[in-house]
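Notes follow once the structure below has been shown.
We call the chains A, B, C and D, going by the order they appear; numbering starts again at 1 in every chain.
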């Protein structure tokens, strides 16, 4: 780390800074410039905190030179990770095509949708059983019954399934039914939940929080990785923006930015990013062209009757059309859409 | 709700919209303007969802005319609520002066700080035992041991105590020790946790999430209220901003904006809002002048040795000075700083 | 427009609202719901202002049903506009490939760069002669000398040229030399400048301001259009974001969002959007895949010696590589890269 | 400056960095840490640009240790500046109380409003003659006629006047009539306009742009100062936020943050910051409590008939009430409200 001292720092304060740095087990390297004095802190930066140094009198600013995450970093693991979800590969040239309704509503609904997305070429089925809703009065999901329906629809149509967990007490139950466990945007910094899914051995789909920086996202991934679960897939799903023309602001540059900093795969979710079905196709294509390792799209056969988030879903026929173009883009990008092992075609 | 139809809507689509609205148990009122046709939806708006209507073909936009929260609204409860925290009143003219370290570190630390803030005039002691840290490698708090130390320091110095809970499994344990339970910004939309604290009968300090709108904040309060716990205190602690000169962007207008929409008290937290001790006093004063029902400030007797968030804490002598000015402002604003019942002065 | 009245509105206030609406030359249509009373304002919405209605006592909210821009709207002009820049077509299936240095520095520099980008397949040359710099101490551009150099480099290599104007007093001079006039992000709401370029007959490249909504951008386009100049090309170049990992936040969804609302072409500028050469290619591809009508990339043969914004430029060889992939994407998207008429190949 | 090299930097690249730094006239100081190599750049930092260094191969990050502004900095001028506007002092303990309508509409309107605000205790009269409107179809102001009316109303009621200039060609004309020249938020980075007002000798009211950082704001002040005009007053008027409950996000912490970095006075504008008359009083009080050097409030005797921005204005009686409380706050803050010299009371 580099500690920049205040322009009015006293000699006694400089001495105190040097003492503190050494007391913390680091070497200090003093450098006096024309206007400012700087202290280089030499040693394992991950064992010291920016704020500890910032609180020392006379310190103006502390500049870390290493990222605060280790296991998630590209430096620690130069090759792109490939995460395997029940036979479907994500990352390192393989694309996840995740589709399905916002919420599991009934066995019939899931059967129709799973069949349709399977036919269109999706390789993972999604559906929420425990829904984090902003209103306590909204439909909260079918719970365990929803997990069973999802599991069966996946099995019947040869698709691995992903579903969200919102409570550390439910991780065991979700783990029983799901091939991949989703952490939603609102829980990206629910660290107890992250630790709990880190203790399973299931792949984790970690959605970026609405106000999370890339570093925040990678630190949350680090929570999962540090528990021994290395199978994390990141997801860009839009951040808070000031323009209400879209629900969120789709940060497509997060895709190459994450790839530069981390070996973990990253997919995009244009459904949540835009909240507008008419913008989903363009943003899905943009995601693939930017190098994303997959696309997550909500699909519902009758959006106006959906119990949750109807307006951000594509109809099956629309999804099938989008898949045609995504396939052509995947080819140009040199990517493969992994065929699910349960596929009978 | 008002449903605005697309300019190219067909008559068949209009008929379908009217049918759907009526099938949902509402009356529809059609109005054709020069450029647009509009459908007024008449009935209990809280029983219908914006997205259900938005997903109907031909619909351009849905404008709700009622807030989505009920119990938290000023309309439902025109008088300002006063929340009682073990004898300390918050709201309706009473100010909470909450102070203490970010994290409970030791009995000695808590004794020093509790004594100092009590002498300065604070009326509630804070201290974290379970710390939500962005890094899995940072100090995570002393856990139950921390709760005990906090409880004892409060008891000795006659101060009610508030501490954060981050996991629904720990609500019972925290409830045993704390006089007020804090939900942190990162958990503001951890709905399972909100429901769990809603089932206790302890006052809840609900911090605004970094990208939460006022409506989001009030919807989260609604989760607690809807479980039967009506003792919620809101807290503005800064939202995500683009200027790194402060850690967050202190949204002081949230204070009068919440007062206009809701009867719940709202306090401000200039420590987290700014992350800079030199800016804490000005923002604390601004909060009181804006009508806040209290001020939450982190205080540590030795910030450079703090195990968490040292640089955003005031030293006890600084806090005492700030209290002098806050008291003068409180007087001008016609507010009373409730004296804790355990106070022996 | 729809005027939503306050829940505590009085009958006298309602009468006053109706009178005011009619005094303004509109018809008012009253509708009483369960909780709220609503007034539909029927007439030419572009002749009335939201804020006039909002200031009437008893009014809670005013919801416009029409966009505030006319000439820029898709409704007014359903077909996509094609803007012709000295023979190079932009929009309606034609892609602008704009490249060149941030600032014109010398004739030699411009010759090298123009030759390189022409060979790579660019069809418009850019270069700044009047530079809007945040610091008064930074290089401010070569002025008219720069315009001449740009003009000559363009002529020699058969490329139309685009350059920024920052001052209404300079519009005439820039008009003499440039084939297309750029309005920079910082001047997007410099309405006098917009009016001035609206009075030329040159195509205008209008960059989105850092905190401009799509509606703000289209209103600025409307300024140009309302002066009789219909040749406006929009440019998404990133908005202010909270994550410093990129200079700005590239809002790729603005591309399809603008296409939905307006007939004007929109291109993307990944150089300014990201400020990082390693992220430019991915964002350029994303832009084309999202349907952009062109890509603007800064190219410099020696970024470390650039007098302005070196780090966001690609080197010519890097640009050539990116062009190869952009061409493949253009093909998939069914787009044509217009060949400049001066091209001798 | 501190140049942090990439972890994979080669020795040849390090040598090249050192050569470049020295070729630019600076001394380089190499320091090899455990993970990173760092180059300290010693010399007058204001003569070198971050981006020049960032573009050198092998460089990961450049950290400036000095602000990019000089004349505006607190370091250059430790004492708070007092700006004198025709006898009314702003800064260094003196408060500007600026009030008046958004736009000058008629002599009668200005007479009524000027009389009312003067009686309430305001010390500067505002009114726009050249209005920067987002729509080309909105009222654009009365132009020079408006300047005359403003001038006369000020003279009659003994109040100095401030008005906005939006075009460098109009600076001379505005200078003739106004005691203080306003640069609006949309023109904060209109550098030609800044230079032009820098060449007058009139005090300048410089409003913060909607997406401007504090550093951006101070750099714009530097433009004015660098032309020899040292009489700049900053104005915080809200930045772009994500919550539409207020028009902008009032960044009250900008007040103490500017005071820490600069000697220039800074006032607040709760009218533009909130866009809601019911929130103006609370934000005005917050501004004074945060240490602002004045408050700018729009006042109109009949907001519903205002030709511009009616809903963000207070009525004269409301303003008078707010002034009573502002005066009490000013006293607690140890501030004086300068009495205009033309005052006959």
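Assorted remarks:
Just so it is clear, a residue touches a chain if its C-beta (ideal position, glycine included) is under 8 Å from a C-beta of that chain, and two chains touch if they have at least 3 such contacts.
Keep in mind that what you see is a predicted model, and the values were worked out from it rather than measured.
Overlaying chain B on chain D by C-alpha atoms takes a rotation of 180 degrees, rounded in steps of 5. Here B-C and C-D were compared by C-beta pairs in contact; the pair with more is C-D. Comparing the CA-atom centres of all chains against that of chain C, the greatest distance is found for B.
With centres set at the average Cα position, the gap from chain A to chain C is 31 Å. Separating the centre of chain B from that of chain C, both taken as means of CA atoms, is a distance of 39 Å. Here the CA centre of chain C is 26 Å from the CA centre of chain D. Residue positions of chain C with contacts to 2 or more other chains are 211, 239-242, 244. If each chain is drawn as a node and touching chains are joined, the picture has every node linked to every other. Put simply, chain A touches chain B in their complex at residues 20, 46, 49, 51-52, 54-57, 68-69, 132-138, 166-169, 186-187, 189-192, 195, 209-211, 216, 219-220, 222-223, 226, 239-240, 303-304, 306, 308-313. On the chain A side of its complex with chain C, the touching residues are 211, 213-215, 239, 241-246, 249-253, 255-257, 260, 273-274, 278-279, 281-283, 285-291, 325, 328-329, 332.
Residues of chain D touching chain A in their complex: 2, 4, 7, 29, 31, 33-36, 38, 40-45, 63, 65-66, 75, 240-242, 244.
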